[in-house]
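One chain, chain A, links the two complexes that follow: it is found with chain B in the first and with chain C in the second.
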Partner chain A sequence: MAAKRKFNIFDHELVPEHRILSDEEKAELLKKYNIKLSQLPQIKASDPAVEELGAKPGDIIEIKRKSPTAGIYYYYRIVVED
Partner chain B sequence: MHSIKKVIGKIEFGILAPQEIRKMSAAEITVPDTYDDDGYPIDGGLMDKRLGVIDPGLRCETCGARAGECPGHFGHIELARPVIHVGFAKTLFRVLQSTCRECGRILLTDEEIEEYMHKFEFAEGRRSEINRLIKEIHKKVKERKTCPHCGAPQFPIKFEKPTIYWETRIDEEGNEYKHRMMPSEVRDRLEKIPDKDLSLLGFHPENSRPEWMVLTVLPVPPVTTRPSITLENGVRAEDDLTHKLVDIIRINNRLKTNIEAGAPQLIIEDLWDLLQYHVTTYINNETSGVPAAKHKSGRPLKTLSQRLKGKEGRFRGNLSGKRVNFSARTVISPDPMISINEVGVPLAIAMELTIPEKVTEFNMEKLKKLISNGPDKYPGANYVIDPEGRRIRIMETNRETVLEMLDIGWTVERHLMDGDIVLFNRQPSLHRMSIMAHRVRVMPYKTFRLNLSVCPPYNADFDGDEMNLHVPQTEEAQAEARILMEVQNHIISPRYGGPLIGGIQDHISGGYLLTREGAYFTRLEVEQMLMFAGVDVDELPEPDRVEKGVEFWSGKTIFSLLLPKDLTIWYENKVGCKDKEKCEKLKKAIEEKLVLSDEEIRELSDDGFVYIRNGKLLSGVIDKKAYGREDGRLLDLIVKEYGTERGKQFLNQVTKLAIWVITHKGFTTAIDDEDLPQDAIERIREIIREAENNVNRLIQAYEMGELDAHPGKTLEETLESLIMQKLAEARDQAGDIASQYLGMGNHAVIMAKTGARGKILNITQMAAMLGQQSIRGKRLYRGYRGRVTTHFKPNDLGAEAKGFVVNSYKSGLTPTEYFFHAMGGREGLVDTAVRTAQSGYMQRRLINALQDLKVDYDGTVRDPSGIIVQFRYGEDGVDPMKSWGGKTLNVDRVIVRTLLKMRGE
Partner chain C sequence: MPSLSPKSIHSIVESKGAALPINIREELYQKLLEYHKKYRLKKKEVEAIVKEAVEEYEGALIEPGEAVGTVAAQSMGEPSTQMTLNTFHYAGVAEINVTLGLPRIIELVDARKNPSTPIMMVYLDEEHRYDKKKAEEVARRIEGTTILNLAQSITTDIINLEIIVDIEPERLEKSGLTMEDIQKKLKSSFKTAEFEVDGYTLIVRPKKAEKLSDLRKIAEKVKSHRLKGLSGVNKTVVRPSGEEYVIYTEGSNFKQVLKVKGVDPTRTRTNNIHEIAEVLGVEAARNAIVEEIVNTMQEQGLEVDVRHIMLVADMMTLNGTVKAIGRHGIVGGKASVLARAAFEITTQHLFEAAERGESDPLSGVVENVLIGQPVPVGTGMVKLTMRLPIQPKEKE
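Up next is the complex of A and B:
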């Protein structure tokens, strides 16, 4: 990190909200869908949004998206190594 | 009938080890020949009786079964020298590069091995991840100069396609020289690789050791997989595989004798290479760099790879796609008299296709009648199946005995009869509506008949289209087809939640003729049309008008007879309101009061606004917005609120009613529909003059440099867009004038306005003028230097020189206009051709990507390994087919229905 970022991608209107799930939320999510971590959709650690959040591989990111059908739609992705 | 005895838990793939090949072999094959002079299989030859038999009368020496029962058994050939398996040549190259030439260890340090082992564990069997790691290891390791385990120097290896490996060695004096690694040397190296290193190279050491990729034993496939055919003249023709195996054995034997005789190394290596060639082509005869093995006639042999590969190969041709019985194909033709869920089946086909029907005490008599009719008299039966499953063909000779034997528990394969459920299909099967279930109607003549309303889902017309028909054979299949696939279940499209099947063309025009203001019918006409449409009415409603003692009913009253009695709906129709204010008032009044008094209706009713109150059409004409496909509001509502069965009934009745009206009123369009009065023509000419003047003024301004460029455009582009704008304006104005003079008395206009066929633009082009021709949205410009045709001066920017057609189809085009029109038309043709090709390929790729996804019980979309793709199907969990235009429910409808119910009580 040489210079400070001039531009925060989350300020852009097309970038949906991202959030790191806490450990409890993680456990709850896995229980809700009865899945293992490996069955979640993945997102690379080098993804700009993940870098911005500072999430580590193994974290789950919650993405709050606008959906033309459902209004608001939550999507969960597990951070994986690049 | 058939119970599942075993369930497949998992399948593992691996490479056959030489020991395994010997173990499964029934015989070693050493003789490069098939049959002796008497046509008897030679022992130890390629048709050895131990490999199974194909000639009737002989018995297999391994299992003792006769031809047809014996599945065949593998044999083997002991190769005198090992050869490379072409299919694995590249993998072998990678393995050779990655391992030490002395100790056979992988060229990774112990720490690296540790690290990658960990990463493999983390990958949890995800194929793409594992492949990535293997690639990464290979890349890292192939540059290593010394082995980290034994310290031996490594030499670079070169791979020469298809099966040769060179090692660039350095001798004592430091000179480089190339050493050819023969397969035996390759094999020796591979044998040294320890099991624990193999998983890092992507091998499963128990299922596939790398040295097994170098063949020492060749399996010989059973005779049954390469049967010889006897031609009419008694000459046997052997299968391509057999030919190839003969070559392999012959060379193998020669190689063996030469080695035993102690022939010079050079000769042995030549024969070795020849053996390699034969084994290579035996496996894949299309290997690049290897001349294909050819038949005497020059046709390339079809060897193992060729049997599997491609569209007609084993996978795509025989496993993914199969030929089926109980199916029929013929030309289709229209029949407006049958229901939308029926299909007319020619008698000849109905007598060939059968349905198995179990004999019970209830249908015994009926089935006996069918059997006594036999296969040649309709309704008959072709076969009976006894309780042991024996199939007996019904013939003149055994008819009596069969009838006598027939009892409960037997099955009769009877002819197709009216009401049977069948699947009907037209290629290309692009969506699920391309295969729907229909009820059979057996008919004379030789074509399949289908109702016109189901043309859109199949994308069918009658210019020679053929369609396929399949007969489900089990009760389960029939029930499934009936519940899931019948036509009425597909009236609503799963794409946009509105009707895909609906009235088309004449159905729409007819609906307009029936329900427009001033359409009245006598008692005779009303009775006739209701009878024709199959509407069951006990008593006609009160006549709307009585003149000189003659009763008249309005079309709206008749139309209302088809509607559910408690249906209320209002909408502005396709024809639209002339008086917008009046319609607004009507709409407001309906929204406020829901039920209007007769007085208010008389005052506010308009042909452009449909108001149906409790199943009575009180205002508005019926057009495409009522029961046409894509935007049939009325049909949509009936299907969703009254069920698919009612929707089917409504569609059947309404289309027939419309057809009766249109045939009895008469409806035609001819060239005089495009006649315009003289003053209209004058006005259009004036507009054209005006437009041309405008264009010339623009060009002048451009030439004088008075034109200002639009943002983001050059001056030339600005001029072009201004000209295009002016010319489009001119065409629209001409169209407006034309439609001013053409009213609803004009049949072409009726069709365009009601949405039955065509657009107003088409009438404009026929009657007034064609307008600007374009390619890629630009005025025509290609052709000669600075001009399209030589009829114009170079660099003429005027309207006529660049494809503006001032004539109409009716007035006729000038030669230059005609050519311009052909240029624009060609673009359209090319576009459609390119589009179908592109969308077809996209469709294939989408299907391949999505075919294994499914919606789980918890509403998530997952792939077969349980990886989640969507956390909720479509993000909202809604089945669009069961939705209101994509929304879960229509609140307005709920309110309307509740209010109506309250008022009703």
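Up next is the complex of A and C:
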């Protein structure tokens, strides 16, 4: 039963929600924090979560993190080639 | 005037307090409801309270230029002086040794490829969770079994050039294997030897072994050949945890264990951060680092604010891989030559930088401490430029 279905990593407790930002959201984010793309934290294109989403290098991934202090907050990583 | 409904209070909190994190908004809303019952707050009052809360929150934020890294280092460093230097048994599982205390913290922060005591906590699915028998069945599928695990004695017959293995029937039964299984498995894996089964005795006869050393070589290989289970997993212990049973393993093979039938892949975890990064990605690895450090500290009765630990974990995973804190990781990746040289292996860094013709713009903290200039931290971050007052032209 469970063996047939492929395990989705986003079901694991440790993996937070990932989402690809649209181009407008990307521009908005960079404007909001007044930063360049190169100043964002990175995530490899070969990362299992990125592969699952099908994101390409240059995309920004929004990560919905759970935090014991803030509840929920968003973290951003830019997809880079390895 | 009609009284404020909880819904409208909620919308005020959401709109006016948009700058607040979700936890604080929720708490503020609950408190407002409570006070609304007592005092019948007006809309203006609610708005004023929310405004006050936002101001208070913004005042509590870290200022730009605060040396958060140094504060985090001190906050984690001081309590770690009070930690034990020993390896202790894992709480609840006495049979499995786990590195704890300071060695474990060092291991995490150094991002070692393999922890000194890898373990997994394997949670089970709905079907196998509540029954000890069924849990043990899954444990048997996971536990790596070799001849060495099953044998009572292994003797080498030098005259006939044979290896004679006496299998312990009890262990064999527990592992769920039969003598025929073993023979079949070994036959398909080793083409260079013949295997004969007689009761609970296994005789290994190499096809061509002129020297004793050849025999020994084959014996070693046969002994450690995996008959079933996962590679890297040596021992399993089934323990009750609350209502369910959880399998603890000595040794870790995260990727394979998630595929084993009966395992709940959504909760199973390992203490090997690199394995998590490989299977679940960096974000999961970051969460695992935070959790592992918090648990290790807590286990020692120490309390460090999570924010410091979160900063460390964020820095370790900044470029998408798990990097150590040290000269091979974060410090080694610093742009400034002087900052790197000030940390470890000074001369090597200076020589290499000279060879490459690197220059140092002196924009970081360490470099400026080193040469005795104001450090770009706190008030030192601010640069003041002043336009000289325009001198009134002197009238002649």
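Note that the second predicted complex is superposed on the first by the 77 of 82 C-alpha atoms of A that agree within 3 Å, B and C clash if a C-alpha of one lies under 4 Å from a C-alpha of the other, contacts with A are read in each partner's own complex, and residues count from 1 in each chain.
Keep this in mind: a residue touches a chain if its C-beta (ideal position, glycine included) is under 8 Å from a C-beta of that chain, and two chains touch if they have at least 3 such contacts.
Keep in mind that this is a model prediction, so the values were computed, not measured.
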item: Residue contacts on chain A - larger count, chain B or chain C; value: C
item: Touching partner for A:Q39 - first (chain B), second (chain C), both, neither; value: first
item: Touching partner for A:S67 - first (chain B), second (chain C), both, neither; value: both
item: Partner chain(s) touched by A:F7 [first = chain B, second = chain C, both, neither]; value: second
item: Which superposed partner A:Y76 touches (first chain B, second chain C, both, neither); value: first
item: Overlap of chain C and chain B interfaces on chain A (superposed complexes); value: 41, 67, 69-70, 73
item: Residues of chain C touching chain A in the complex; value: 21-24, 26, 125, 258-259, 261, 265-267, 269, 276, 278-284, 287-288, 291, 306-307, 310, 314, 317-321
item: Footprint of chain B on chain A - complex, ascending; value: 33-35, 38-41, 67, 69-70, 73-76
item: Chain A - residues contacting chain C, complex; value: 2-3, 7, 9, 11-16, 18, 41-44, 47-50, 63, 65, 67-73, 77, 80
item: Residues of chain B that touch chain A when the two form their complex; value: 124, 126, 858, 860, 862, 865-869, 871-872, 874-878, 886
